[in-house]
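Below is one structure, written out as structure tokens; the observations come after it.
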Amino acid sequence: MSVLGSGIFKGMAVTLKNFVGSYFDKERLTTNEYAWQANDKLPERAGDYPKEEAEQLSDTTTVTQYSRNFPMLLHDAGEPMDTVRCVACQICERECPPQCIYIEKSTEKKERSGNKAQFYPATFDIDVSVCMSCQICVEVCPFDAIVMNSQFELSTPSRFGELLLRRDDLLKSNDYYYKIHPEEASARDKRIADEKAAKEAKKKAAEAAKKKAAEAKSKSEAEAKAKEEAEAASKPTEPSDTPPAESTATPSTEPPATPTTEPEKEGSAE
Amino acid sequence: MSEPVSHEPVLQHFPDVEWDDAFGTLIVPVAKATEVATWLRDDEAFRLDYCSNVTGIDYLDREFKEKVKNEEGKTETVIHTDPARMEVVYHLYSMENRTGPLVMRQRTNREKPEAQSLTAVWRSCELQEREIFDLYGIHFIGHPDQRRILMWDEFEGHPMRKDYVEPFDYEWEPTPHDEILEKHQKGTVIF
Amino acid sequence: MTVAAPNYELVQQDGLETSLLEVSMGPHHPSTHGVFRMDVKLDGETVVDLKPVFGYLHRNHEKLAENMSYLASMPFTDRLDYFNSMTNNWAYALAAEQLVEIEIPERAEYLRVIMSELTRLVNHVSLVGFFVNDLGALGTPLLYAFREREKILDLFEQASGARMMCNYFRFGGLRCDVPDGWLDRTREVVDRFPKFLDEYEKLLCENEIILSRTQGVGNLSKELAISAGITGPMLRASGVNYDIRKVDNYGIYERFKFRVPYSEGDVGDCYDRFMVRMLEMRESIGILRQALDGIENGPIMGNAGKVFKPQKSEAYGRVEAPKGELGFYLVADGTTQPYRYRVRPPSFINLTVLQDMCIGQQVADAVIILGSIDIVLGEVDR
Amino acid sequence: MTLDLIKDILLATVPLLIIFPTMFALTTWVERKALARIQNRIGPNKVGVPLTPYGGKLSLFGLGQPAADGIKMLFKENIVPTGADRLFHFLAPILSLIPSMLVLCFLPLDFPWLNGEQNSVKAFMLDGAVIFFFAITGLNTLAVFMAGWASRNKYSLLGGMRAIAQMVSYEIPLVLSAVVVVMIVGSLNADNIAKAQEGWNWFVFQPWGLAAFVIFFIGALAETNRSPFDLPEAESEIIAGYFTEYSGFKFALFFLGEYIAMFAISGLAVTLFLGAGAGPGVESLSWLKIFWFLTKVCILIGVMIWLRGTLPRLRVDQLMGFAWKFLLPLSILNIFVAGFAWHIKDANKETATSVVVWIASIIILYAAAKGLDRVNRAKVKPRTYQYGE
């Protein structure tokens, strides 16, 4: 038999505890007025930026390095258009669920600094008023050319003025990517490096085989190459081409496989 | 997964009912649907007391190309034709026996699609059949309250049909690159 | 078989005429949980007739999905029940994985369970908050719930990059692995949760006003609940022991020890629905603990290629979403787009009995009955 | 009519018109802050006093918020629905404000500058102050129903109907619990009631006084439409009840009227049960009387805010049942208990007897309350659940 009104009094005790607790207990008052205050308040949410840096970054960062917002195009160190990774293969355009990407491929190939000539996007627009931040473009991109930005302060008075991000707005350097998504960026670069190393090794093996074959017969050279191509085709999830914008990449001796045809085979849309 | 229900007794009990092995479904003639459904619900062995999902499907006349290996090991293309029809699919489970699903279909034509309403057997069909009526235009005989549910009452056509063509809608907002923008620029959009 | 309004006779006395008051509750009403409308006929404060009106948020999700590739619909499933994007993802992935044979790696299965149970915590805790808000509690329990929900949403953000529209599951696994230290942070949140639940129960479960407001309101009998396809906590509140996690054992649920709370009597009122959810959260915490203990390192993506192109077949995948049975019915025709894509939304079908439960109750009860059904209009209208 | 009289009238009323609207402004801020803290939020903390036209401000924990709200309300559009009764729609907020402002005069706030020459201007010296108080507060009901009816909105009408039922019902336990004090003091004069409780002889320390105070406080919550009895403006059910269709300054007037009514009825509770201005140090400093009085009022308001932050709302039938089946019998019983206790105490002045009477009264009242509660909520009890595998 409970005391009359005991349930109400218990509830009032809880609210009183919370009222008082909100002044003393960080567990109870979890509000951060500004993103960079997080560092002072909740250790697990912050950890990402020291306060001073966060204040400088406040226009470009959200609260955590894990958050994603809208896509951006990556380029490596140097002039953006010289080192842009995108080769205008248009997979992302086809796969984008809300159809917010619009790409026009350049008519001719362009020399990239320290790399072979590639197509480049003459137009690359993302209508962020339509984009739903799903990250599918990032997943399907075989060149690691498109990643998610975390900039969120995009409010503007006009829709097609500023909410339609043009190519030059979207181009961001790899350093910036490292700054906003440190973990993800290093993991991605590690993967790219691994893939490259694996390719190099394979190429070396192929070259060795070629040498051997050349010694034996000049005809077998073509076979080795065919074998290599077959190997590359059998693994459709892995892009067989080195990301062309890898600025440190040594010029490949391999005849360039046109990167636009390969991914189109992989493309799943039609 | 829960234990699937054997369909054999249904075929024995109701000779009209067919079994489609490719999709694993009972095909019930529209006229007998209520009878079969009531039997499935009340029969001791089945006790399919829970109708989980009711769906419409619209098939147009379609030709399928399928690559089949022939005896010599070569692939050759076989063309199947899929006749135009409409189907109402019921996914039945038993809460009592914890078995299921048994898939049941009512097949009807596309010109004047009619199916039996099973709302009297399973109450859960009520809103779902209304939805099918709304989106596919299948008329449910004996449905207590057959009105549009998701679209507004004045809406014309049934949007989930495969041959549905969207009318031009002035509410479409232009996006920078697609045909709506073209229409917008042509001045066909009235604001 | 709709229950029509009982033949209601208006009392006429001394030559004074009286008539029913027709009120359109919604779509702008504060407690219809979105844009939902109830056309209510009132006699004084008593609800004499009630007609739910749907479709204000209809965007024909199914048609959209039939015109894009299988993978591209995944982010749209987030938007169905925007509280529980993880379980929506799972239901869709489960259906699609039945179309093709895909092995799902161990770690991915564990993470799926963890994500789904965290989602259940998020949903139930905020639903209880919303429910008490509908009872008129000025948001205090809701804000406590949101305080805890934030912690879980942070975890989601760290794992998937987004707080609500996670888009995390893929056919054959998950999109990416969780970052380092994520499991420890999750364990911390999970360990802290029971303490919060104790406080929450102290605040709500014994409150005399809540008891008298919710008991005997919106009764739903066992028979009607089964026949009307009610699922989830609402079904269990009506006294049916049916949980798809137990029945189907999808994923790796058979490895975990957990119990399914269901109501004892045949009442099935708002109080039962509220309490079943409170009790379910405790069980979810148990599952989470076991899953966090059992998880091991490994790959998170199965052998699925990038091109998802199933043969001509059909599949129906269902999971125990926090709101009930969430099913996806896919008919594949051998192309990269589903020929038929259907969502079986739990909160839509749970609304079937709204009318039956509300008639004869007061206006204030109609509001809390709707609250106890737990609807999200993104899912109801699709 | 002498100049002195006018001066005295002004001296008696102007402070009330300054203190209580100021307190209203502060209370809205305190309420928002306190509710925010109860809900683990920060609450308003930005609006303050701008220091220069170009920036820089003194934000003082958001104390500028009430001013900002007031300005916002002033500039908002005055929307009257088509087909609404414009006259009554206009009159209702004024009518809700006037009675609540009027009854402030009946609170025994004895300002020292009014040194007793013109007692006639002190409304609380009126011999029927308590009864007058209830008579005037009753007018509030009219305003609320007027607003509900004139808005031509179904939710407003429902709110108005609820308000009438609720306010009329709760007036009865409210008056009956005040009757106890009047009975003991033997006067309806607020000044006499205050004098009877000087020192620490507050009536709330008596069992019947405590019971009457609790009943009075619950009745006051219902009378001022505060949670958990805020049915007339139940947001989750009937949008905002009778002021659904009010905007801008009319809404602000309603708001003001509601808060002033809260102060008034808390002031009456303080007068009747909490010793009015009694408190430590009153003998030497008569100023402290006002301070203690307002402090007690603020504490009661604080409890109201606290309750609002905790409790959900009752349902209409439960609300009426609570008034008629719980509070009414209890307050009637309380009158008898008070009468007996007072008689026994009067006849036998020993401490032991008074302790026995004290305990006996408490037991009787608690048992009665418990019994009534069990009868009223017979079917309501916690349940057990089973677990399936």
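As written, the chain order gives the labels A, B, C and D, with residue 1 at the start of each chain.
As a convention for this text, a contact is a pair of C-beta atoms (placed from the backbone, for glycine too) under 8 Å apart; a residue touches a chain by one contact, two chains touch by 3 or more.
Keep in mind that what you see is a predicted model, and the values were worked out from it rather than measured.
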Task: Chain whose Cα centroid lies nearest the overall Cα centroid - done: C
Task: By count of C-beta pairs in contact, the leading pair of chains - done: C-D
Task: Separation of mean Cα positions, subunit D and subunit B [Å, integer] - done: 62
TODO: Round to the nearest whole Å and give the separation of the Cα centres of subunit C and subunit D.
DONE: 42
Task: Set of subunit A residues in contact with two or more other chains - done: 8, 11, 14-15, 18, 28, 30
Open item on the list: If a residue has to touch 2 or more other chains to count, which residues of subunit C qualify?
Closed with: 140, 144, 147, 203, 206-211
TODO: Could you check subunit D for residues that touch two or more other chains and list them?
DONE: 38-41, 309-311
Task: Complex contact set, residues of subunit D against subunit C - done: 35, 38-41, 154-155, 157-158, 161-162, 227-228, 230-231, 234-239, 308-318, 377, 379-389
Open item on the list: Going by the contact rule set out above, which residues of subunit D touch subunit A in the complex?
Closed with: 34, 37-42, 306-307, 309-311, 366, 369-370, 373
Task: In the complex, subunit C residues that touch subunit A - done: 68-69, 71-76, 78-79, 140, 144, 147, 150-151, 154, 157-159, 161-163, 165, 167, 175, 179-180, 185, 188, 192, 199, 202-204, 206-211, 305-309, 336
Task: Touch list for subunit C against partner subunit D, complex - done: 21, 23, 29-31, 42, 44-45, 132-140, 143-144, 147, 203, 205-213, 215-216, 241, 243, 246, 259-265, 271-272, 275-276, 279, 362-365, 367
- [ ] Quick one: which bits of subunit A touch subunit C in the complex? Just the residue numbers, please.
- [x] 2, 5-8, 10-11, 13-15, 17-18, 27-28, 30, 44-45, 64, 66-68, 95-97, 132-136, 139-140, 148, 183, 236-237, 266-270
